[in-house]
Amino acid sequence: MSPEILHHATVRSIEQVARDTYLICSVDEQVSCNARAGQFLEIKVPHCAEILWRRPFSIHNTQPQKHTFDILFQTIGQGTHRLAHLAPDSELDILGPLGNHFYYEREMREAIVVAGGLGIAPFMLMMRELAQRRIPMQLFYGVGSSDQFCCLPLFEKYATLHLSTIDGSLGHQGLVTDLLSDYLDRNSDNHGKSLFVCGPTPMLHKVKEIAACHTIAAQASVETVMACGFGACVGCAVPMTNPVAGQKEYFLACKDGPVFDMREIVIDD
Amino acid sequence: MSPEILHHATVRSIEQVARDTYLICSVDEQVSCNARAGQFLEIKVPHCAEILWRRPFSIHNTQPQKHTFDILFQTIGQGTHRLAHLAPDSELDILGPLGNHFYYEREMREAIVVAGGLGIAPFMLMMRELAQRRIPMQLFYGVGSSDQFCCLPLFEKYATLHLSTIDGSLGHQGLVTDLLSDYLDRNSDNHGKSLFVCGPTPMLHKVKEIAACHTIAAQASVETVMACGFGACVGCAVPMTNPVAGQKEYFLACKDGPVFDMREIVIDD
Amino acid sequence: MIDLSVQIGPLTLKNPVMTASGTFGYADEFVDFCDLNEIGGIITKTVTPQPRAGNAPRRIVELPYGMLNSIGLPNVGIENFILEKMPFLQTLKTHIFINVAGTDEEGFAYCVCRLEDVAGISGYELNYSCPNVKHGTSFSSDARIAERVTRNVRKVTARPVIVKLTPNVTSIAEIGRACENGGADAVSAINTVVGMSVDIKTRKPRLSTIIGGYSGPAIKPIALAKVFELAQNLSIPVIAIGGIACAGDALEFLVAGATAFQVGTVNFHEPNATMKIKKDLEFYCQKNNIVKLMDIVGSIQL
Amino acid sequence: MIDLSVQIGPLTLKNPVMTASGTFGYADEFVDFCDLNEIGGIITKTVTPQPRAGNAPRRIVELPYGMLNSIGLPNVGIENFILEKMPFLQTLKTHIFINVAGTDEEGFAYCVCRLEDVAGISGYELNYSCPNVKHGTSFSSDARIAERVTRNVRKVTARPVIVKLTPNVTSIAEIGRACENGGADAVSAINTVVGMSVDIKTRKPRLSTIIGGYSGPAIKPIALAKVFELAQNLSIPVIAIGGIACAGDALEFLVAGATAFQVGTVNFHEPNATMKIKKDLEFYCQKNNIVKLMDIVGSIQL
């Protein structure tokens, strides 16, 4: 029985950082010191017996010196609304860090990060990791409207920003994948480039196409419904590109992922 | 569709008045002006979708000039705990007044009120009603320990008090029905006396025996589980003393009661 | 103008909102809460040939998102029902369905026979499936008996007959088909799911009859599967029952193939639920540009 | 010293806490959360003669107090199971039961046969009842088939055999008796309840297979009724499954007649639930002066 993975963290602060978007900073040495970018936590929705499943959230950032970590989330349904109403000093019943993490090729010379909406969550920690390795970064970040952008000043420190909004209120009007295509078309030498993406399924689909077309390695952090987060329920199936029919046709998002090489998984459009 | 019986009241104040016991005062003209002693309200437990049934509470008191009414309750389970945590100005989703009320014989010369624990709840309103009719009152009121007594100073204004506690911390040590027996034994003339009782089943059982033995008319406010409170679920059955086998063997606590002539109902011991 | 009307056999209901037997009394209990004429169809509490006192307390148990009941079909019997309950029901301007049950096979046809000359009745619902009375479920767990009883009722009435089915069987579609063959105009499902609760302090079952019927939102997923199965296998309309508490719940059933639905347990704690659901259905249609609610019946994308 | 041990056929379990198949993986997923040797008995995820990939997503749906699943029994097949999963299980100091299923009648005995020479196995659980695979429930909804399959397994093993029953039948006692006649040492019940959920926005069923299995606290009242029915009608031990989330839930089942119980869905969100339940059972016995937990089995006051 290792005490590390299932435990309680203490909420230090909680603040609204964008429309319907909150940042919770919590004290927990274990998560703070060990988490890698792309990993996630399963958090129990407090005071709500009827909500059985924990809720999965990417580890947004860590402050190892302070023993704290952040999650960044959007209020979607009952669970996230309850989390948004937590008071400082409440206990968070957490499970994690879980899952694999983004993998950095030795030969990587430029990281191209593509985020849609709350898909931005895992990339703060990643950028800190990559900054330590002095890898140049491009951040393609699209949201619906400008009040949904999170942490732009911080991201700007790490990466060149390419922003888009559906309503045109900031940056390019339209999809962030348009900006990505343009960028790659302009820079024909793709050697040493790695793509990292997290966001809604249609965006993943598009990025997969773009990556294939430019033959750039791309990793996606994938979201599925999850009952457990640690391989027990086998509910978080992700179809494999090269299935062994009737034997092995699916990965598990929580255990084999959430980060996948995009060539290996089928993304429905 | 009459708007009167299903409606929202506004909580004016809520205070703890005894151990685990709270008094909620709410604004509602309809209840305040029309309620009779013995009637009850069905109150929806707020913010708790999983608790389906409303919770029944006696109308403890009314302040018709102020358009307010009180309920007095003990925290038992989840529902009452949630009610105890209501904030002033919250809305209460209420149904009522429901049920019948205590009936006063024209010839009544003395009211003998017997209350066990929270069984005291309906009797404040009753005492106000009887005080208007200038009926002398005896209150036999038993609890476990002295910190469970409610509103003694007020009751003292209306009635002669006969108190008991199981632990002997105030009044007679033991059951309040001992005091009742003594009192009736001492006063052999039972003409014009009426008994009114509310409390746990073993107490009702004992009072029924005492009343029969002294041939005093006794009315009890009976508690059963209730899914609706208005005659629709037929769940709140109370066995009749004189059943018509296979046809009519039960009263409904919510509609035929909650107040019954004790001779008409079976009280299990 | 949104058309909420639905068709159950030869009858047009002004909307698909009905009340489930035993949860709406004889409707008079709800005059303070509902405009009864706005309800698509009212189904009365089960009436039997002879009066019944019902089961001993305790008859009901609350559970999270549900309840158990073992009421035992107390009712005044068919003769008193006609005298005492029908006059009020006859004043209503909506479809009234009388839910009947027999303690033997003949009891069903007997009740229906007695009601044939009574005015103000749109049809019948046969309660084959009450788990709280002896032999209560045999009528709906044996296809041959179900078909026979239905046929016998069919013989004595031209009014629409709905058969109410229990979920506590291996194949509800098989029983439903038998009722269809027997001449039923529609089936309704589900009655309560057999359930139990134990008080570990006293080590006694909470209900006097040990087991009872589970109802309320907790059984909705079960009801949906049964209604879908019936809709896929029968050609007569299916009326959905089970845990419906809001318009969203009702829509799940309509999409899955139900032509109408009954509101049950929720009436106890939200006695105006039928009104609210009807209004919200209208609102849903408006928002989604649905002119005729009937168009979404069975619109499930498989 | 409180004696929590219970007897399942010839086996003594150190306590009645078991894990439900498909909710505890092959136990290795839980090393971070539980002292596996403290669990009374571990039942592994269903293994079949051939490898299976399982159903297409979406496989799981959350509901209030419950969930739907349609996993489809993905597993590496009996040969790989022996090679890949058994070595870890063999290191554990508790009873290991291998849950097996066949896609045809022979499949059950085939799997058991293959496992007979493998060490570290205390017994088998036969999954007659998975609603998420074709023909999954026929083994447990037809008494003759259930008896025959049990008998065929009985012939090939002397190890204890538990038959796991579905609640989705008219009479679970009838099927249970058939298994008893076929030579089962115990029955376990219930597997999941057939359920469904519809997304009214897309008008699609939420599960890829349309219907799935309902589990979790919401099905506890149903499971209790079934376990009680089995305990009243069979003479072999009944192992309770269904919505058990705390010691209080477990006690309801023990009082109603279960000899042991399995913890299922709750493992997903409280992966140390088995540990907590065991501790709380001990605490309950202490508080209530119960020296031998087995004494409360079937102690229901009727």
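By written order: A, B, C and D. Residues from 1 in each chain.
Note that a residue touches a chain if its C-beta (ideal position, glycine included) is under 8 Å from a C-beta of that chain, and two chains touch if they have at least 3 such contacts.
Treat the numbers as computed from the prediction; the structure is a model and nothing was measured.
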Winner on C-beta contact pairs when A-D is weighed against B-D
A-D
Using each chain's Cα centroid, which is most distant from the centroid of chain D?
B
Dist(centroid_CA(chain C), centroid_CA(chain D)) in Å evaluates to 34
Approximate Å spacing (C-alpha centroids) for the pair chain B, chain D:
48
In chain D, what residues contact two or more other chains?
64-66, 217
Going by residue number, chain A touches two or more other chains at 49-50
By the document's touch definition, which label belongs to this structure's chain graph: line, ring, star, complete, or other?
complete
Which of the residues in chain C end up touching chain D in this complex?
63-66, 68, 141, 168-170, 193-198, 200, 202-205, 210-211, 214, 217-218, 221-222, 224-226, 228-229, 248, 251-252, 255-256, 296, 299-302
Inside the complex, what are the residues of chain A that reach chain B?
49-50
Hey, which residues of chain C end up touching chain B in the complex?
22-25, 29-35, 45, 50-62, 64-67, 69, 71, 74, 76-77, 216-217, 265-269, 271-272, 275
Counting only contacts in the complex, chain D reaches chain B at residues 64-65
In the complex, chain A residues that touch chain D:
1-2, 4-6, 42, 44, 49-54, 95, 224-225, 227-228, 230-239, 243-250
